[in-house]
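For reference, the structures are reproduced in the following blocks.
Here chain A shows up in two complexes: once beside chain B, once beside chain C.
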Partner chain A sequence: MTKRLMFKNIVKRSGRSLALMILSAFLSFSVFGGYIAITSMQNGLNSLESRLGADIIAVPDKAAHDIEAILIQGTPGYFYMDKSNMEKIKQIEGVEAVSPQYFLASLSAGCCSVPVQVIGFEPETDFSIQPWIKESYGANLGTDELLAGANINTDVGENLKFYNHICKVVGKLEKTGTELDNAVYTNGSTVKALMSAAKETGVGVLEKNDPEKLISSVLIKVKDGYDIDSISDNINIHIRHVTAVRTQNMIEGLSQSLMGISGMTKVLMAAVWILSLVIMAIAFSMIINERKREFAVLRVIGASRRTLAVTVLSEAAVIGLAGGLTGVIAGFLILFPFEGVLTDKFGMPYLAPNISNIISAALIAVISSVIAGSLTSAFSAARISRIDTGLILREGN
Partner chain B sequence: MNKKISVTDIMIVLLSVILAAGIPFFFHACGAKEDGTFMNCHSAQQVIFGLACVMMIISFAHLGAGSAKMKTGISIALIPLEIYTALIPETVIKMCMMADMRCQAVMKPATIIICILMLIVTISDIVYQKKRGNINDEKADV
Partner chain C sequence: MKLIGDGISKRYFRKTKKANYFYAVQKTDIEIKEGNITVITGRSGSGKSTLLNMLAGLLEPTEGKVYFDDRDIYSMSDKELSILRNENVGVIPQGQTGLSSLTVMENVVLPYYMYKKGENIEKRAEELLETVGMAELSNAYPTELSGGENRRAAIARALIQDPGIILADEPTGDLDDENTRIVLELLRKTADSGKAVLLVTHENEAVNYADIVYKMDGGVLTV
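Presenting the complex of A and B:
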């Protein structure tokens, strides 16, 4: 009887049930959405940290902001310095390994009107990009072959044209949730061929220089036991026209932003929860007042106090469950398909958690919504189980 | 004529209006290139808009239809349109190159989600109308 009574009450008072369901949906959405957003940004930041790979990046003077723009903000660009700087850096005490990188920004590629960042590396010395590449592409890159970042909408085997030079996409990299997903990666010889092609089309900085003698940046790994800051200072003092940037400093700004966003999200979640719980508790209390006579009649026809309390509690739990599921479904429909928009709005690396974490978050959100529904109605359920049937029925007369 | 407006009637109209009005104004594709020409995604937007208008007209016809059988027929006609519209971004017409470009980040997911929601509501409507038709038939027999 309790089950039938509960469902009939929910269906017959559909407006009221819908309003309570929407509140529950807000609760579960805030739990699910808040968790997924914060975890995704944290994952993105961790991913960026591991992808940068080096302790220090040395770039030409005045390009310190450009390297951040390329690697962190995803603004395609290029800058060059003389290759001999790498040898000078190698001589500095405490430097364990160095590897050059080459940056080139395409004018356009295929149908797309936005420039694509081309990042070149030397397979013989690279310790930053190759470990990541190996996760999705086992072979070595040949001439005029490139690997596309996860955000590049191209298939393996397709050709991409940069500065009238055709390259073949031989693989697609795993998503990192960072701006590095918007770049294409190739080896040193291919990127030099692309630089020569760019030179022919009149790219300013390359016009007067030989691409063979240029590099964009030097990735530096510091030996254990050496202070990274001291080595960075050494490079800045002893090597002219070169600026050394600690990768940790590049990420620091993002870490602070993440802390700010995370704090704000938690405050918003708390506000949504407090407001919704108060509104739901008031709503249930009003509903019980309104239904006093109904419950009194039920008592007269034989329903026990426990049955009445269970009816109220289970109604709230079912509404909480429906609302919880709605909130989680809404979360799925907003957070995952519109990931690109969220990344853009937050201005942070954004990498969704793995499927088991997503499912756990969804379950926790639904369960917390059911518990919230039950808790807010618990007081009303306790009150209804103590009603004085005779008094209430007499009140009506 | 047994005319009754159900939740599914309203939902189908609402979703088709959101798609038809949203595509040109809220979740449109990428803008024109610097030289004034458009990319592939612009053609996809035009096709989706056309199909969304057709679906909107059909959904109003569904709303105005009286008998359960007629509503069922109109709902069945909507299903292939909804599936095809959902397939336009990327499968039928290739979108732009970068995942963070507007056509990829906004137009594609919005179109697919609205079409999937419409498909779910349309299938629910067919089930509901079948039930309604059976009840009406039973009443007629009595």
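Presenting the complex of A and C:
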């Protein structure tokens, strides 16, 4: 009956219960939403770091910003340098491995309303893209075959036409949460065929050059024990018309943004918690005051002091549970469908955590909300367990 | 079944010019006997309710002991005392004491479900509500009832566990003559069925239904 009394109290005083539930929902939403947003951005950043896969990327002079625009901001583009630069880089002491990449931006493609970034790599030397490809595509890419990033609106088996050259989509890559999901990937021979096709359609930079002799960038892996900055400096000093960019530096800005967003989110969460806890504690205290007579009657008919305290705590816990679940559901409804909006808003790579982490976060959020409800009512529960029954019953008359 | 107050008193601290404490109830001996209505009359503030609360196990006396069938109730743990009150003492408090979120029926059966479950106590509750003339209002909420109806529902609730002792604090306060008569007749019937009834009131009407009458003034109980 005490359980029934608890539920009937919650239902009968629905306005008050709803207000407390909304506060609890804010608590759990802030925990769940804050965790998911920060973790997703951190995951996105980690994913980007691992997808870049190299210690240094060498690009033509004046293309240092363009490479960041392509890889980090997702702005399609292209630039080229002579292939011989790769051999020169390879000769620098401390360089363990090099691999070229080719960039081409489509004018339009059947899949997309905006230009698509085409990224070509050499399967024989590549050490950055293939480990990622292997997660979702086991075979080697053949001529005129390509793999689509997770955000490209196409299905396996469909054909995509770039510069009147038809390529077949043979696989879709796992989501990385970065702008790399908006590109298509193919091998060197196919991308060179695309570059030739682009040249025929009059793409300026390719007009006077032989695509066979061009590369866009060189991905460089540094041997263990060598200083990446020194090697980067060596490339910049000794190889003309080439700029070496540390990949770590490329994502440093994002790292700092993440720290800022993370700090801001934590401050916001703390503010929500402090405010909600104070309001809830005051609300419970007022409710208990209003219900003193009810508790005195319960005492008269045989409720122990412990039963009174448990009744108060249980009501608060049930409200906390309901609010906690509401907050988590709201989190699901806001964070996941609007992932794209959040990515654009924060300008950060965004990769949602795996399902077990999401469930853990949801559980922690709900449990925190229940604990918060119980804690804020604990003082009132202690107070009500010490009531002077006789005095309270006389006060009302 | 009997309830005895043995030399009980209640002292409260209050800083005055004369003393820093006062006695709400002076040292008192009282026995509530089964089959009788014991009435304590007195003005408001005379200490009647304080004495009743001490006998109900709700207010520990400053001095003396309260015995329920030779057991010192204040030597029990809070849980033991609560169960004893739940099973053996039906208290009818002052004023409107129905829980507003429960119906009359739910209020009446509440003491039973406090520590037990399973038995169909609703049947007994229906009988009791019939006895107090509230059968048709069993699904009503306390806020929908008049003062007299609420008081009768409180009597039904006090009797649901079939306790040996009934302690009624101003059960006819604020009631009209008709409801006062109904309530007092109910308590008389209860005493006649073998229960020990203590009734504290400032109204003289109750004396007509009493077997034993005490008067309380300034915390002092006199015959």
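Operating definition for what follows: the second predicted complex is superposed on the first by the 396 of 397 C-alpha atoms of A that agree within 3 Å, B and C clash if a C-alpha of one lies under 4 Å from a C-alpha of the other, contacts with A are read in each partner's own complex, and residues count from 1 in each chain.
In the analysis below, contacts are C-beta pairs under 8 Å (C-beta built on N, C-alpha and C of every residue); 3 or more make two chains touch, one makes a residue touch a chain.
Predicted, not measured: the structure shown is a model, and the values here were computed from it.
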item: Superposed partners chain B and chain C on chain A - clash or fit; value: fit
item: First (chain B), second (chain C), both or neither touched by A:L5; value: second
item: Chain B versus chain C as contact partner of A:N236, first or second or both or neither; value: neither
item: Which partner, chain B or chain C, touches more chain A residues; value: C
item: Chain B versus chain C as contact partner of A:S196, first or second or both or neither; value: neither
item: Which superposed partner A:N46 touches (first chain B, second chain C, both, neither); value: neither
item: Which superposed partner A:T307 touches (first chain B, second chain C, both, neither); value: second
item: Chain C versus chain B - closest C-alpha approach in the superposed model, Å; value: 16
item: Residue ranges of chain C touching chain A (in the complex, touch as defined); value: 49-50, 52-53, 56, 58-59, 78-79, 82-83, 85-87, 91, 93-102, 106, 109-115, 117, 157, 169-170, 173
item: Chain A residues within the chain C interface of the complex; value: 1-2, 4-5, 8-9, 11-13, 293-294, 296-307, 388-390, 393-394, 396-397
item: Of chain B, residues touching chain A in the complex; value: 30, 33-34, 39-40, 94-101, 104-106, 109-110, 112-113
item: Complex contacts: residues of chain A adjacent to chain B; value: 74, 109-114, 116, 150-154, 181-182, 333, 337-341, 343-344
